[in-house]
């Protein structure tokens, strides 16, 4: 087993194939195009299918078809394309179909820019489509995690029969890093529920239509139970020196890398700073935050957005401790200096707040 | 001025025309089809344009064109169609184009059902499309409000140059009630920024593309400033006997009507129950909740969803007081009895919690 | 009444509006884009509707809707777009809906080029769509005829309840010439058969579906009877010095202008050359050709194509006299010199063939 | 080698796979749906790709992609779908891409009916798309020929780098007959010109755009030369007792079967009747007709259409002998009796016309 140097976008595809993915439908868009390109190259080599669809709307519905037939399938896109997929994603979740969707984010609403942002958090994590459904969302912060979390994505998609989104920014998609792959490949198996065109699967039914209120409610509750289970079992986060942290920096993806560097420097300056990097954005690592909230004095959420992850952090912390926010947008990345500057300012402000009974003051 | 009996869906269209709307592009879907139907009937009568588009994707992009040309324009749909419009809505917000989108909700993810739910809250309120943008969201609870909030929607759309969503459930869309319209109609005026095919508007530019990071960030900040202004100026909520309320019921749309009946009966039983009905879902009436949190012992959020509005309530209350949740889905409506039952249970539980210092217990 | 200098493409739109056209749906394509542009400018000025559709498929189906509602409606495109409209055109003819389609031709199959060709003759004249139907096809050769034949097109469309195609090449579309318009405008009237959303039109039905064989056959026969009537009443052609012509040059559109110049020069050289310029391509001026075939020795069909009109000429002449062909393609135009050269060669060859009884020889 | 009982539609797919077809993109439509169904079943079994596209427009453009990549590919549809494919077919021909398109005809323009007609002859044979191009058209008349001509279609498609259409009616598609397949399968090979994503194919270019007039004309001439070659080498027709035939019945597909039965009965009645059944509709068996025209007294074209094939017959016979026509439409099939009745009438009428010089009379 050795490491190969490659772009994060390529690592996704290589890992997907090892995870048994045999169909890819998509439409290229910067900064996700290398995924489409690699899929076009590698999938036919394993007897798989690659198809550049007419549009993102077409692509996501092809995932529906392939997934219904029991094939491990994926697509990729960026903001505008992911928006076009919202109807299809709701249908996939409603019909309980596993699939993997890589979202390599770009900047701004509308055309915006091709630079990276983290402004699609709400869309992907809260559910940009209609109805009570969720997608599991994984947020890699390196080319290696692009590979590892893709493998995990296929596993979770199958386990929960639900779409899983890989939410990565353009930096990680484009940067080249050494990546190590597992030595054994997953052999794609036909799920029992699939409509596979066989005698045995004749009576299987893939459906998201429930015209009777009680049956639809029962279906929604069934989906909800799966999500609750995932919330209990699947939350993942990386913690860095949080044990004694008074200031906890929170950020995902590429921001997590910046935060660790800032925390390291802060510690050299005698400040007890730690980092929480959510790896699963949904289910959200709420417990991690609630645990840290007991000791920490303040949380600082850093995003390449004007504030979306911060809502989930505030919901988790629920007023126990103040939650500060620092965001940059437009493709600009919060710099080491500005994060460190905020940390220093907060350190001065929060240091005197030692006693729990004075919490309310700190809250103001 | 006299009242006319009509469906909420029709009231929207009648009000839109009085508000100067002169173009409607859409695709019919139950339970929003009467809006399309009424638009097809009435718009040509005032020299306006009605067009049934090829798809919801086509329709929302026609709104972009009409709005860019300075025409007051609207569309309507339900869950699946609104999902298909997410890309277009992001473009409209990014390009700062005013328009009105009526979302008459139906049930479930995917095909779901044609019964009413409130499960598209996240999609519409948090932004189901890509990028840092918001849509203003108004939630009527009667045929009269369908008319009144449509008029307000066109006003706010123009004021903030932003899409405004009218989020209504199928009950209000379908039920017939007396409606009163204003006696004067708004005369559509050509906005100065419109690309109107005239000599004066030659240099106007409608755009959402900013390839330079700093320019895109400035643009995002500019949008954010508008949203902040709207948060300060435009929040609307109906409060019913909240002055002395220890239990505050929170719900929007048709649920608001149920909550008032429950609160009335609870008061007859000696319980200090009030109702907060958010009328603007974005900007969210956070201040109202923060004010009520000072006195109330517990909040009860009731939704026809498995819990979406409740997140915004929790973010507003921020742990000051417990926030309970009761949700029904699938087209089922929380009944008077089950809400009242919960109120009674909470009344018993919270009554002893008189002292502020014991808040943490109540929290459990 | 005075003449105005304008492009042929603009003349179409100006004439259409005077002919009562009140709706235009289309998608721009070189060399037809000025039509879309002029329609966007002028239609709103008369209370009409202009809409740039998502695609040519969408546009042609909007014509179906508008025509069904009794509105005089048109679209325009060029080769690739006209190909995309074939399904819709078959539906319009099958449902007996009047509309006008301007086809400003470009070159080549596929992307080809933006230069003019006449290679879409078969597509437009024989029926590029499915089923037994025909479209009436008019072929202007000047900006003035662009105007005049557009007016005629709307008249014939209504008279026969059938799509009418204006088949023009890019030269005529783009060249500026003085054009005179009628002083009175046609006031659009609602046809009795229209589905107009009124009480009276409630029972009207627009339909192209006939599942019973005999009913479909009766419908096809009914359409056929209309076409036969049109063949009897509506054929139009310009003849130039054909009375004594031994060599008859045949060509339509811009080619007709070249042929007249060639014929004039040939006559100066003592050759009895005439020109037949079909103005209606369907119904085809078969009678004109059959009449001329009695006296002429040879026909020379000249096309900017590799030979499509020539088939209809041969079908009309039916072996009575030889039919020669000269075609150029790719945007190249048959030159004065090459046509004149062929005329001279044929004059030498055919001169001895004076006696009718020797026809067979000439045939060889 | 033994025969298997199956529908003509299934025979197409089985034969296609034996002919090396490895990709199928299409959208089901009666009466062609069994082709899609069989393709969905069998293609994956040989490592091939089946995809149900969003629309016929999407499907035909996927053929473009697969063919460009050097894969033997096919689709199927019926009238309305074939109309939607006209743009794509023009692109395929313009870019010289081989593919096979099965058109199982249905009735009428527009929605028409699902019964069989032969009214798409012009569309398919003359070129329903834009530009100077042709498709090779094969017309099977039995399940066995469905198989045999599919194999031939792939061969000709490759040989001429051009789309080949299999034009069959719903009867042949639906009827079950014994079919024999070849014992050896064609091993798909990668054409040298393909854009295959390999190092060797890097400089290959698939293109239909030629902006320079002379280059486009040269390209059109190149295509024309291929068609001329096909006209010389590939015409195929079945003749039945034509050697001494005075009356030659002409019809293709299912009609050919009726004509042979009629001719047999006519011969029992002492009438010299023969049958010409064109197998290639393009290139058209013109030479066969010209040869038969020397001896025959009259041709009778029988179609399930109001007269399309008859034009090509008249062009071939070119007035040498009269060409009569009998057509039924709407799904109705010309009956044995009505064809025989016409034969008897013509036999009486044409019998005295023994001398060539009296030809003109017979013509009337």
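When the chains are written out, they are named A, B, C and D in that same order, and each has its own residue count from 1.
By definition in this document, a residue touches a chain if its C-beta (ideal position, glycine included) is under 8 Å from a C-beta of that chain, and two chains touch if they have at least 3 such contacts.
From a predicted model like this one, the values you see are computed outputs, not experimental measurements.
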Inset, instruction - Would you kindly say which chain has the C-alpha centre located farthest from the C-alpha centre of subunit A? - result: C
Legend entry - Separation of mean Cα positions, subunit D and subunit C [Å, integer]: 28
Inset, instruction - Quick one: report the Å distance separating subunit A from subunit C, using the average Cα coordinate of each chain. - result: 58
Legend entry - Chain centre separation (subunit A, subunit D; CA means) in Å: 53
Inset, instruction - Specify, in ascending order, the residues of subunit D that touch 2 or more different other chains. - result: 57
Inset, instruction - Could you draw the chains as nodes, link the ones that touch, and say if you get a line, ring, star, complete or other? - result: ring
Inset, instruction - Mind listing each pair of touching chains for me? - result: A-B, A-D, B-C, C-D
Inset, instruction - Going by the contact rule at the top, pick out the subunit D residues touching subunit A in the complex. - result: 40-41, 47, 49, 51-55, 57-58, 61-62, 65, 197
Legend entry - Contact set on subunit A toward subunit B in their complex: 57, 78-84, 86-87, 90-95, 105-115, 117, 119-120, 122-123, 126-133, 207-221, 223-224, 305-306, 308, 311, 314-315, 317-320, 328-332
